[in-house]
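First chain written, first letter: the chains are A, B, C, D and E, and each begins at residue 1.
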Amino acid sequence: MQSETTPAPAGKTLPGNEAMLSVRNMKKVYKTDGGDIEAVRNLTFDLKAGELACLVGPSGSGKTTLLKCIAGLMAPTEGEVLLDGVKVSGPPKKMAVVFQEYGRSLFPWMRVRENVELPLKNQGVPKAERDRLVDDALEAVGLAHVPQSYPWQLSGGMQQRVAIARAVAYQPEVLLMDEPFAAVDAQTRADLEDLIRTVWRKLGVTVLFVTHDIDESVYLGERVIILSSSPTVIQEDLTIDLPDERDQLNTRSLPRFTELRHHVYEQIQLAKAGHRPTAAAQAGH
Amino acid sequence: MQSETTPAPAGKTLPGNEAMLSVRNMKKVYKTDGGDIEAVRNLTFDLKAGELACLVGPSGSGKTTLLKCIAGLMAPTEGEVLLDGVKVSGPPKKMAVVFQEYGRSLFPWMRVRENVELPLKNQGVPKAERDRLVDDALEAVGLAHVPQSYPWQLSGGMQQRVAIARAVAYQPEVLLMDEPFAAVDAQTRADLEDLIRTVWRKLGVTVLFVTHDIDESVYLGERVIILSSSPTVIQEDLTIDLPDERDQLNTRSLPRFTELRHHVYEQIQLAKAGHRPTAAAQAGH
Amino acid sequence: MRFLKTLGYVLALPLILVAIWWVSTLGETNFFVPTPALLAEAFAETWLGDRILSDVLPSIGRLVVGVSSAIIFGIVTGLLIGSVKWLRDLTEPVLEFFRAIPPPVLVPVLMLLMGISDSMKVVVIISGCIWPVLLNTIEGVRAIDGVLSDSAHTYGIQGWARVKYLVLPSAGPQIMAGIRQCLSIGLILMVISEMFASSSGLGFAIVQFQRSFAIPEMWSGIVILGLIGVAMSFIFQWTERRVLRWYHGLREVENAI
Amino acid sequence: GTSPAAKTAGEGGLTPIKVGVITITDAAAAYVGVDQGFFEEEGLKAELVPAQGGAAIVPLVVSGGADFGFSNVTSLIIGRSKGLPLQIVSAGNATTGIEGKDFADVLVKDDSGIEDAGDLVHKKIAVNTLNNISDTTVRAAIEAAGADGSNVTFVEMPFPDMRAALAKGNVDAVATVEPFRSMILEDKTHSAVSNYAAPLTDLMVTAYFTSEQMAAQKPEVVEAFKRAMSKSLKYSDEHPDAVRKILPEFTAMDDDLVNRIVLPRFPSQVNRDSVNEVAELALKNGLIDKLPDMEKFVP
Amino acid sequence: MQPLTPIFDRHSDRPLADEKSSGPLPLPRSFPGGEKPRPGKMRRSKKQLPGLAGIIGFLLLWELIPRVGVVEPRFLPPASEVIAALITDFSLTAFWVAVGETMLAWAIGLMMAIVLAVVLGFITGSSMVLRKFTNSTVEFLRPIPSVALIPLAVLLFGVKIESTLMLVVYASFWQVFIQVLYGVADVDNVAMQTAKSYGLGTMARVRHVVFPTALPYLMTGIRLAASVALILAITAELVIGSPGLGREIALAQSGGAISGMYALVLATGLIGVVINLVMRFIERKTLSWHSSIRSEAIV
């Protein structure tokens, strides 16, 4: 069903049951009174269990759309999303999402602590453990001092960190994050990047991380999936062959880091300029 | 009225009537049921007409608070804000603000075009000129193709660009922007940075620009005001002595650019670590 | 097809309820609870004649005037009271006082002040059905998002422009909830207003039937009330879908699962 | 439903009964009867349940929520003709029959130029219930005066509101009863006609009633009630002071008013002729389609 | 004989000890525990000042209307006279008994209506299909006046509090129900999606997301229902004749006690004002997070 000018764009796929998360020929069309909007044309890629992948792409390229489909909050128009081989048809268990609209994703009627605690409480996690998890998460995002504030009494960056703390405390198996550090300062951002990598390594969680910061995508991910502009296909699925141990100073000064970030930057510029990949132009570089 | 451990921290001030915007000993305390929160302790600085200053500081340091006080949306607890020598006691004329919570600052019942057009219409700008201004602004932020969408049909980054377009089309004399590029991709961000500089130079508008991106603050500003962590004072008021003509490739590769960004980075790290400036440590470096 | 589906939704539950009613009145007969057949017969006899002109139409006329005045007056006052804090503090106790006065004791006072006239009846209708609009408007105005309000403020959108572009649309959903309540309360008060000093009208007829033990006729009058209620509400919901198009779009996208 | 009266005899072997009454002068005899112990003499323990008119009392009696009720005769005739199983068991009250000295009057302002029933043509008259005893008798009175009874406008208005309506000129005349009659007469008003006394003879205005079911199931209780009421009515008729004494207990009249009002008569027997006459008037005015079966209605 | 509580017998006043000085209707304290320092109290009482001014203005207007002769004082007595009558009422046990009866019917009826409406409203509101399915029936039933249901109520329950309750519940149910429907529809998508993605089940979502969102609508609904319930409680007493303030009003009217009647109406309005104060207090506690409350706290 592909038009001839846009060949099947695909990210890396895995054989059989190795994939934790599979996105297969996903297409999403929004129906509006002004006509249909084809946000995502065709996406196919797999994530194996415990992988940390970053998703980059121009503004409006369908990253949020993709995340919502994976989270089972929206049904794709065509194609499917499989989690552990099972088709996603509603929010799966043990998945945490940090939404781009962090402000609206916090419950204004709950205090910071209650916001972070709610999913755990809902899961029936015993009080003592819950307290520990919540305290640790708030500590980790640097908000141990405001547990009794309401979200709307916090600055933008603080609100965003509450949303991150909630996801981290939940100890999910799959973690979807939509530009989770957009509102925090550079130093906090660096700290949070390291937090995510620590959590990822400790819990073995599968992470899909949307970011606009190219350095961040390269620093964080084992893989960077670059989306074309809308209607979206995969521009490139890039493996980040940096050492597993990363730290802000050394990793970022590696020549390979600079190479990779240049490559990503170029691809995004291409994507923005409307360039679309050919069927052949797949896989690593 | 200063405590002895925190000497009067002050940014650059100007004599007499040279200042367009003066912030004088501004203090802001939020009253909550859990006690008072001293967000801003003491801020003093001037902006001269047509200046472009960037404001950086740790998350929660009171940048948004400061902007709201300048915009006349909140009264400072102590001290005052003067605009053209007149004390600000309500939103001044010809001031545009891009809010950090961009999603909530757009009118969901108006289409994109109507959102951008509204302030102009309200000002009584004639239809023809209004159309031109709106078209230009939407074109400039790359949203010429969605004038008939509602804001909630747009992606996060697109919404943010609508808010920017609204501010630009308004042709204000003073422009306050609170992390206006947080939700857009790297390439778009670069384009928007250049847009702001172009608008600034063309209209001679006075700009105060909050950002977390250190490179951005150095690239954009003639001055970078660095805030300490809360309760906030000015950590440093830094003049950016880069050439006036800037472009993304050349300016960013100047050695002086790298020096400056390093300096800002260090200062923010100090600020985050809780270090506070001494009275002496003022002015350029 | 879509029309049939809508029709199904509209008729299904009423038909089920009528069936239940029919079955449960099969055996015994209670004077005060007629059978569906008896009611249908009474309905046809009573209303499918010149009563439509003499009783129903004048009542509907007063109803329309009363309800529209209440809506307009409620929104305007609500906007004022909702936006001006001191005005709210000043007026709230007095309004609450009036809200608690039952129409049957208010009517004689109004009769004193206004005499026996159609306008008195209209005032009775207004006096009862303005409250949901007023309260909902006040609360809707108070609930405006802070960031949105700040945006309007900084762009110098004030006064009437603020009302038109910010306050009304933002409070729209809540105002609509109030209007919806207002319609049915207006209908109830139309009946009550005709219980005093009148000699015609739908409410008058219902009360007369009740007093003269014409029970099937009385219920048939109530059925008319219900049908008017349904008709008004459908017109209202149709309008609402258009006025609040953005709102329904905003709330309903992405509810695919 | 079955009334508890037959089965459960209260303390002292008394059968409890409930009587739905309206708290107006007309129902005074029942209160006097309870006060004087006439019901206990007949083995009944009567509880008077105050209610606000026929809309509440008739369903109350029909459903067995009360054993007996008090209502105006016209309403009972209408109910009966619509198929309600109502039976009159006792008189309630009746007109004094004396023009200008009855408990009901059509009052007009002194300066209205209305002097008698004939002058009421083309006028607007307030009655407390339309299509009932007041408007039919007023119309009959107008016709008796040789004028066109169909040429008046009646509007419905609660008794308490009539005084103000007349004073303000909202209506030309008010068909009122005691104690409102006495209050309105304090203003510059006079009677155009005593509508209960004039057009009909010896009008029985109200009656006590029960349901056919009750009458069939517990004839002995009904008989006892009839006897007790008969005694109460007779006593009340003969002892107006006892009536005046009891009125403040169930109405809000003050002593002065109580002493000024004109009391109705309390006939101890049901006046079947009057019932007939009222029924015919109702038929003539289109309130009912056919006359009730008097044998069953007033056995 | 059951105590025939007429309009609390003015002749045998039994003043309640210190009723006036202790304040019969204590205003709610706006802060819990009352241990907040004086400034808080000062601010609170200062906040009530404009409201007091509004009331005084209204009373002045009321005083003037009869005094300058817009209406005659005997039909609408000046405020001072009515207040005097009300103060007399305050010292009567029967008044408080009547208030108690009315408030009991009000409280039980309102509670039942709220619980029913909240449960049914949340169920109906959360399902598009259910909402469409019930729409026409709901719209048909809503405009049916409670007063038209009186015969049915009396038939089912007699002249008892249950009848009043049925009318109260029927009328106030819809106020809450419709508000809940709109409130449920107001849920923010992102908040809802957050709850879904964190595995909150239907009940948990209702409790943690839908309910708080609908709460402001619900509060408005409850405030509307509270006064409708009061109105219906009093109207039902007025029309059916069951005990309470409404019956006292009817009695006062029929006894021509105009000031007494208005005193009771004034009492009714005051109850409404007190109910609102309580509602506002609850609102400040439960909606402190809502922009309607917090925006005022900041300014």
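Following the convention adopted for this analysis, a contact is a pair of C-beta atoms (placed from the backbone, for glycine too) under 8 Å apart; a residue touches a chain by one contact, two chains touch by 3 or more.
Fair warning: this is a prediction, and the values are worked out from it, not measured in the lab.
The chains in contact with chain B and with chain E alike are A, C. Per-pair counts of C-beta contacts peak for the chains C-E.
Chain centres here are Cα means. That of chain A falls 49 Å from that of chain C. Centre-to-centre spacing of chain B and chain D amounts to 84 Å, using the average Cα coordinate of each chain. Note: centroid distance chain C to chain D, computed from Cα atoms, is 38 Å.
Counting partner chains per residue, chain D has residues 55, 58-59, 62, 158, 160, 164 touching two or more of them. Contact with two or more other chains is made by residues 30, 101, 104, 153 of chain B. In chain E, the residues touching two or more other chains are 71, 75, 150-152, 155, 189, 193, 238-239, 261, 290. The part of chain E that touches chain C in the complex is made up of residues 47-55, 57-58, 70-71, 75-76, 132-137, 139-148, 150-152, 155, 171, 174-175, 178-179, 181-182, 185-187, 189, 193, 216-217, 219-220, 223-224, 227, 230-232, 234-235, 238-239, 246, 249, 261, 265, 268-273, 275-276, 290-292, 295-296, 299. Only residues 188-191, 193-194, 196-201, 204, 208-209, 212, 215, 289-290, 294 of chain E touch chain A when the two sit together in their complex. On the chain D side of its complex with chain C, the touching residues are 54-55, 58-59, 62, 75, 78-79, 82-84, 126, 129-132, 153-158, 160-161, 164-165, 168, 170-171, 287.
Here chain D touches chain E in the complex through residues 20, 22-24, 34, 47-52, 55-56, 58-60, 62-63, 65-66, 158-160, 163-164, 167, 179-180, 183, 248-254, 257, going by the rule given at the top. Looking at the complex, you find that chain C touches chain E at residues 9-14, 17, 30, 32-33, 85-86, 89-94, 96-105, 109, 112-113, 131-132, 135-136, 139, 142-146, 149, 173-174, 176-177, 180-181, 183-184, 187-188, 191-192, 195, 203, 206, 210, 215, 218, 222, 225-230, 233-234, 237, 250-251, 253-255.
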